[in-house]
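Per-chain numbering from 1; labels A, B and C assigned in written order.
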Amino acid sequence: MTGRETTAKSAGRAKPRGFPASRKPGYEIRYDPMGKAVWWLPPASIAAALLACAALIAMNGMNPLVVYMKMARGAFGSAFGISETLVKAIPLLLCGLGVAVAYRIKVWNIGAEGQLIAGAIAATAATVYLPGLPGPLYIPVMTAAGIAAGAVWGLLTALPRAYFNVNELITSLMLNYVALLLLDYLVFGPWRDPNGFNFPGTPVFAPEQQLMTFQGTRLHYGLLYALAAAAILWFALSKTRWGYEMKLLGSNPLAARQGGIGFKRHVTLVMIVSGGLAGLAGMSEVSGVAHRLMYGLSPGYGYTAIIVAWLAKLNPWAMIPTSVFVGGLIVGGYSVQSLGLPSSLSSMLQGAILICLIAGDTVGKLRIRRKGE
Amino acid sequence: MDFYVYLSLAAISAGTPLLFAVLGGILSERSGVVFLGTEGTMLIGAVVSCIVFLKTGSLWAAVLGSLLSAGAAGLLHAFICVTLKANQTVCGLAITLFGTGFSAYLGKPVAGQPLPVAVPKLHLPWLEPIPFVGRIAGNLDLFVWMSIAVAAALYAYMYKTSWGLHLRAVGDHPAASDAMGINVTLCRYVHVTAGSMLMGLAGCYLIMAYSPNWIEGMTAGRGWIAVALVILAGWNPLLALLGAYLFGGLDALGFRLQVMDTGIPSYFLNMLPYIVTIAVLMAAGWRNRGKLSSEPQSLGLPYFREQRF
Amino acid sequence: MNRYAVEMSGIVKRFGETAAADRVDFAAGAGEVHALLGENGAGKSTIMSVLAGIYRADGGDIRVNGQPARIRSPKDAQALGIGMVHQNFRLVPTLTALDNMVLGEKRELWRGKRWRSGKREEIEAICRQYGLPFPIDIPVGRLSVGERQRVEIVKLLYKGADILLLDEPTSVLTPGEAESLIGTLAELKKSGKTILMTTHKLKEVMQAADRISVMRKGRVVAARRREETSAGELAELMVGRMPEGADAPEPAEPGGIVLAVEGMTVQADHGGAALRGIRFAVREGEIVGVAGVAGNGQRELAEALTGLREWSGGSMTYRGERMERASIRSRIDKGIAHVPEDRMGAGLAGSLGLVDNLLLKSYRTDDRFRFGLYRKRLTERWADELARSFDVRTPGLSAPVRQLSGGNQQKLLLAREIDRRPKLLIAVHPAQGLDVGAAAFVHRKLLELRDEAAGVLLISEDLDEVLQLSDRILVLYNGAIIGEARRGEADRERIGRMMAGLAEAGKEAAG
């Protein structure tokens, strides 16, 4: 055909060919957005992560199975272990509930750690600056202070997002470091216990400033806070107007706006709730576990809570088992130290689980086809 | 005068890891993929280079190690975000969490060991006569010059070459690029991986030149500041230079003020970089409201060719 | 000429369960303008996308110039000399026309000044040859729609395309620009190019096409030469039966003024004014249609009236109350309803079910949430009845709404808005993408609303829809109302001229 030759020459392009180069037969992945998420995903991700980390353990010359068994036994194999696991689960559950609320409307709150610390500081401040309160009042005051401080810390992330469109991920993260430095300042400086021996920190709280514990264990009444929070959150999300608005915002913010549901207001609200829950966790740590404000208060609960939330697919009830599971991972991590492995094994596992979860999230929506089909 | 010279040298030294990390972030985000795993990748690069150096005694082997390990992290991110089309934000976060734990795990045996490393400096004595600038530029180490070269090279790459044009097109409108025959997937894979390698290099520099012994979490949030700097630099490699050194300066200034005993507790001085980051982001957000942003338009969105419109 | 430029046999393409193309056979010769005619959803775009390498066929063969061809990607199509101009252009808005065209060329690594001017000359030569001028060094995002389309066409020619696929090319053009395009097609024909275009506009088909393939529900139901057929026959083939003569609506009896707008000024997204001080009114019991080519301020008009966009100036009086600064909520609560243009993007929450979507405007009432608590049984019953009365077919009350067909989604939207007994309904292109039956349902509902003494503002780029339903028509051009007509006085030519503005398309249209 003369038409084509002429055009090809004048445009200086390569001559069009009739056949494309032959390709190897093979498979390809195609995306089908209508696919449903699979229910076996969380357990499968855990298994995949365990497998991946097993390889790393093996490279250290140890038998992964032995290591995992030790972890499991350390976390769940004794009454002490179980109570320790539950103690860890409390702040995880509270922080997890908090970040899940935010994630539902895609507000990426990574600041649970800082909000927790803010709550802890505020609760401690009550003991430092209000020495003359009647005994039974301390716990309520400290609880309120913890929640309020956490909420304010969360607000510090919400406002830049709402009014200056600043990425909340970065803001909340920066504030974590600020909170940590504030904690260090207080604990090494003005609030330092002059008689303190081991860890730097404030003097130990008076008994009425400590959350009660269950019979002879370290497990404290913060557990009730956490369970109550889960129940309240579930109720609010499924049965109230606010829950409906959250549902809409999470599904389609544009459509939500059509209905008069404003994003700015909800970002603020959500961060207050999120921060408040983390602040409550801080108060319960300081009052129920450590009985003082001290250096190294949180082994990263705020970050670990992200995994707790994601593993539970942001569902409040599901977070109860996942917080226990992840709590067990942390406790198990401590127990492998006797085998000579670093306790960071458990945080490595946690990270691996999250990666597998994310990767697997889309598995239900992918189809494998032969090329050319 | 001496004070300012040393301050500038310190600023450059502190800013170089930031610079590498920001350049890496620019590469990735320009192709449309958000990469929040900077902090974790830097830690991985740092710990691997530390271990390799202790085993081999060779700086360049350490560099290679950091490049490869960080590249692996980037490859993973690319796979999950581009091929599996998962949520890019949470994926990056997961890589950071994993990287933090992984680096702590690997680094435990070598923690606290000072590294007998000497990063070669580039002495340029013929520059010394130039007041102020000469004394600074005459005494920088190799990595600093490398980072500046990379920044310049990336600028030329992005705006003057055809591959750079493809990169920008893919980031702004992958559908149009695909229609023009550009392989969007390949472009994203390459740039995300290359970007993560630069972040590994940042971690390597951090431990080899800035603070030669491994401590868990030694990046202390620098990776996150780098993420913010990508936005503040408008995804432009030359502005990244400016931003990185400015923030490096904040770091250095904080340290100097401490030493000078101004009475401000060191803890608050250390808060400077983090608070300034938020403040500058807020200012940028205020200035840009209502304007067309220079952000790659497809940032964070996975690309599906078979989308029905 | 015995050999066809393009031949497709037995092409099948499935999306999930539905077959968008169901064993399609058709052929086009060189130097021919071939129209694929059909309604929305008939499968025309799917076929073109298969040819262009964007979709991969699930079955069937393609031959190009007599040789079998395997088209697996846009690159393959390009190698065969096939190029496509999409409805939503594939141009990178931040790059210039020049950069857009040289995208994908790998030969030169360095792009200096000399290289660029060489390319510029090449491109300008093509523009001259076919009469398709446009500014070459401005970011494409700033060009007018007509100019952008020209860039797309020249891009194809620059890459050596001999087979040009145009997807609904005139849907975004003014009538004047459309005429100009048809002229361009004739020029291209003369150079031996093969042109394949999809459309649902009979008039253009009869003007421009040499041969026509009519598609319906994924199949080719007929192939004709233009000389052998007529617009009437084509229309019948398109819908499968004599089209129901749309009953001319009863004449309206408008009552009091529901909406009065004075000096309405609204900013566009990228600077400049989208609406420049317009003024109009809507009465109870009348449908006011706003005609115009998309992009002249329609979207901003709807958004500003519903509270989604701020007013820079002017006033809006709704039933006696000043509302231009009112919140979205109060507008909803006072009886302003809105059927947005983008039903899945902005109107519905796709992952949620029927009930959640229906609740969007009425969830603040006590009927749905008493004392702040959800009244499940009552609400589900209400939703069920509402869906039934609007004939929304769905597998279940909680099935994600994105699984519904376009028609059912639109009915759902209407149900949600009309159930509130609004006094003013703002409907933007409500029958977009719907088949004849669904579109007729939607139009019927609008007329019913009008007969119940509500005011309807119908903003649509579908001139036929506007002409059919409106009691009064306003023409929006470049942010101003440049003309008005009553039912009976309006005819297509006159309105079409107004839609193109008082001056010719080109610089004026760029605005």
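What we mean here is this: a residue touches a chain if its C-beta (ideal position, glycine included) is under 8 Å from a C-beta of that chain, and two chains touch if they have at least 3 such contacts.
Please read these numbers as outputs of a predicted model, since none were measured by experiment.
The touch graph of the protein chains shown is complete. Distance from subunit B peaks, on a Cα-centroid basis, for C.
Mean C-alpha position of subunit A lies 44 Å from that of subunit C.
Each chain gets a centre from the mean of its Cα atoms; for subunit A and subunit B, those two points are 25 Å apart.
Within subunit C, contacts with two or more other chains are made by residues 75, 78. The set of subunit B residues that touch two or more partner chains comprises 306. Against subunit A, in their complex, subunit B makes its touches with residues 36, 40, 76, 79-80, 83-87, 89-91, 93-102, 104-105, 108, 216, 220-221, 224-225, 227-228, 231, 265, 267-268, 270-271, 274-275, 277-278, 281-282, 285-286, 288-289, 304, 306.
The residues of subunit A lying in touch with subunit B in their complex are 29-31, 33, 56, 108, 110, 160, 164-167, 169-171, 173-178, 181-182, 184-185, 188-189, 303, 306-307, 310, 342, 344-352, 354-355, 357-359, 361-363, 366. Those residues of subunit C that touch subunit A in the complex are listed here as 5, 16, 30-31, 56, 58, 64-65, 67, 69-72, 75-76, 78-81, 122, 126, 157-162, 191-193, 306-308, 327-329, 331-332, 338, 340, 345-352, 356-357, 359-361, 363-364, 369, 372-374, 402-403. Chain contact summary for the complex, subunit B toward subunit C: residues 160-163, 165-166, 168-169, 172-173, 175-182, 292, 297, 305-306, 308-309. On the side of subunit A, the complex with subunit C involves touching residues 1-4, 7-8, 11-13, 16-20, 23, 32, 34, 238-241, 243-245, 247-248, 251-252, 254-260, 262, 372-373.
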